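Letters A, B, C and D mark the chains in the order given here, with residues in each chain numbered from 1 onward.
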Amino acid sequence: MPLLSNTRIMRIEWADCDPAGIVFYPRYFEMFDLSTTMLFEKALGMKKINFIKAHNFGGYPMFDTRARFFKPTTFGDVVEIASSVTFGRTSFDVEHRLTRDGELCVEGFEKRVWVIRDPSDPTKIKSHPIPREVIEKFEM
Amino acid sequence: MPLLSNTRIMRIEWADCDPAGIVFYPRYFEMFDLSTTMLFEKALGMKKINFIKAHNFGGYPMFDTRARFFKPTTFGDVVEIASSVTFGRTSFDVEHRLTRDGELCVEGFEKRVWVIRDPSDPTKIKSHPIPREVIEKFEM
Amino acid sequence: MPLLSNTRIMRIEWADCDPAGIVFYPRYFEMFDLSTTMLFEKALGMKKINFIKAHNFGGYPMFDTRARFFKPTTFGDVVEIASSVTFGRTSFDVEHRLTRDGELCVEGFEKRVWVIRDPSDPTKIKSHPIPREVIEKFEM
Amino acid sequence: MPLLSNTRIMRIEWADCDPAGIVFYPRYFEMFDLSTTMLFEKALGMKKINFIKAHNFGGYPMFDTRARFFKPTTFGDVVEIASSVTFGRTSFDVEHRLTRDGELCVEGFEKRVWVIRDPSDPTKIKSHPIPREVIEKFEM
């Protein structure tokens, strides 16, 4: 069953670019982080700050991330980021494709872990199976 | 009585610069923020994370900050930031001078407020007179 | 005669915030820089990258900037930034008001200089009177 | 033959950390980018800005980068980043190990391409075999 995905359109800004006039690549990871947030917000129907408060949810810290760069992008470029997710038991993978005019510029991959606050010590977090009701919200 | 000041030497890096090849000015505020931390650490003889833990200290949020730009700096430049403080009752001013080879490039000003955690609600902060023993540490 | 102003709505994101859970203040300057770009783009009817290419325009480097902080903002907050400009001969001032639900949180001020590429050496810039046709575009 | 590597010690700062109080992971890529610069500067005996000027060198744009996160780090932490390189014909790999008190916190991988300015159009770059004299500088 295909899962909900999300596409957002954004513009590359001056602040994203380096002396070569192109996006300084760590900024792509910041863009992808926001894309993951927006994908979850779309599926869950609430802002990240609210689903953190709503549940005993501790977040989805990054375990492994990667990006491959095919074409540089520069300030003023309007780009599209399409993000899709695959769920494991306690972790999930997100794939991002950043395109400009349909041409692939950057591919991003993330493996994140679902964590909850430790009931015996709320300042700590521990991994936890992804709740069934979260996954169901992605099933279209 | 002159108060303790601090000078640090740093290098402008690629990541600090924009497509014009010069420091993207918001990064100067990040540099000055660290300079203020280093000035307090020098005076108090402990790392910021420790003086936050040591006292009921809630930090010194910025109330008003300003910078004036005389000469651009570029990656590879070695610059010096000299920082000095003036204490009020519940607030203090910091002045930063960023120079390259003795030439003034950027001047920064900060007015920060001393805050403590609210005893009746530790998730809140409120302004508080700067402790006498903090100021004494700056008196040489 | 009142000049064109611009208001944009944006959301504070996780990446903007620091360990205190609020916007790390240098990020406000980055937000204001983009607001100034958007104000000029609205008036001139073209993207910044295009008005840089269109004329012998070298940009509007910052000469003096300041911000005052009245209320912190946190991730998930939807804020509005209203920006207006006042023109001098070779410089201009921009004022930004960042509000949340109508309440003023941050005020920003900028003094920028209009520069062109030096005809005798295109790698250099020099200040220049703001073109009459630029100012006219702001006159409503 | 073992190649020159580089280890640098740095401190995690407030500006690097997010509302969870730990490093916002895109900042690790910025740290690794600087570590790669420092490794090349150590081998070549000159600052990056100088080896860009010295040769027809166009830089070493990132083609593929990855990081794995084992332990979070927080502001005030003193960490060590050890970086080593492996050369291919027109590309090279860099591996970074970020440790705190000897414990591995983050591992970074980079594949970068050696590029020169296109002789027929200096505004363009193209990949090029890594110069023999560059590789020799890494051979101890």
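The rule we apply is simple: contacts are C-beta pairs under 8 Å (C-beta built on N, C-alpha and C of every residue); 3 or more make two chains touch, one makes a residue touch a chain.
Predicted model, so just to flag it, every value in this text is computed and none were measured.
K.L.:
By residue number, over half of the contact pairs should agree; on that basis which option among B-D, A-D or C-D is the same interface as B-C?
P.N.:
Interface equivalent to B-C: A-D.
K.L.:
Decide which interface, A-D or A-B, involves more C-beta pairs in contact, and give its chain pair.
P.N.:
A-D
K.L.:
Based on CA centres, what chain would you say lies at the far end from subunit B?
P.N.:
A
K.L.:
Between subunit A and subunit C, tell me the centre distance in angstrom, where each centre is the average of that chain's C-alpha atoms.
P.N.:
29
K.L.:
When the C-alpha atoms of subunit A and subunit B are each averaged to a single point, how far apart are the two points in Å?
P.N.:
34
K.L.:
With chain centres taken as the means of their Cα atoms, state the distance from subunit A to subunit D in Å.
P.N.:
25
K.L.:
Scan subunit A for residues touching two or more other chains and write them down.
P.N.:
Residues 14-15, 20, 24, 26, 30, 33, 74-75 of subunit A touch two or more partner chains.
K.L.:
So what shape is it, when you link every pair of chains that touch: line, ring, star, complete or other?
P.N.:
Chain contacts: complete, every pair touches.
K.L.:
Which residues of subunit D touch subunit B in their complex?
P.N.:
Within the complex, subunit D touches subunit B at residues 13-15, 30, 33-34, 37, 47-50, 74-76.
K.L.:
Per the contact definition, I'd like the list of subunit B residues that touch subunit C in the complex.
P.N.:
Going through subunit B, the ones touching subunit C are 20, 24-27, 29-30, 33, 59, 61-69, 72.
K.L.:
Can you list the subunit D residues touching subunit C in their complex?
P.N.:
Residues 14-15, 17-21, 24, 26, 74-75 of subunit D touch subunit C in their complex.
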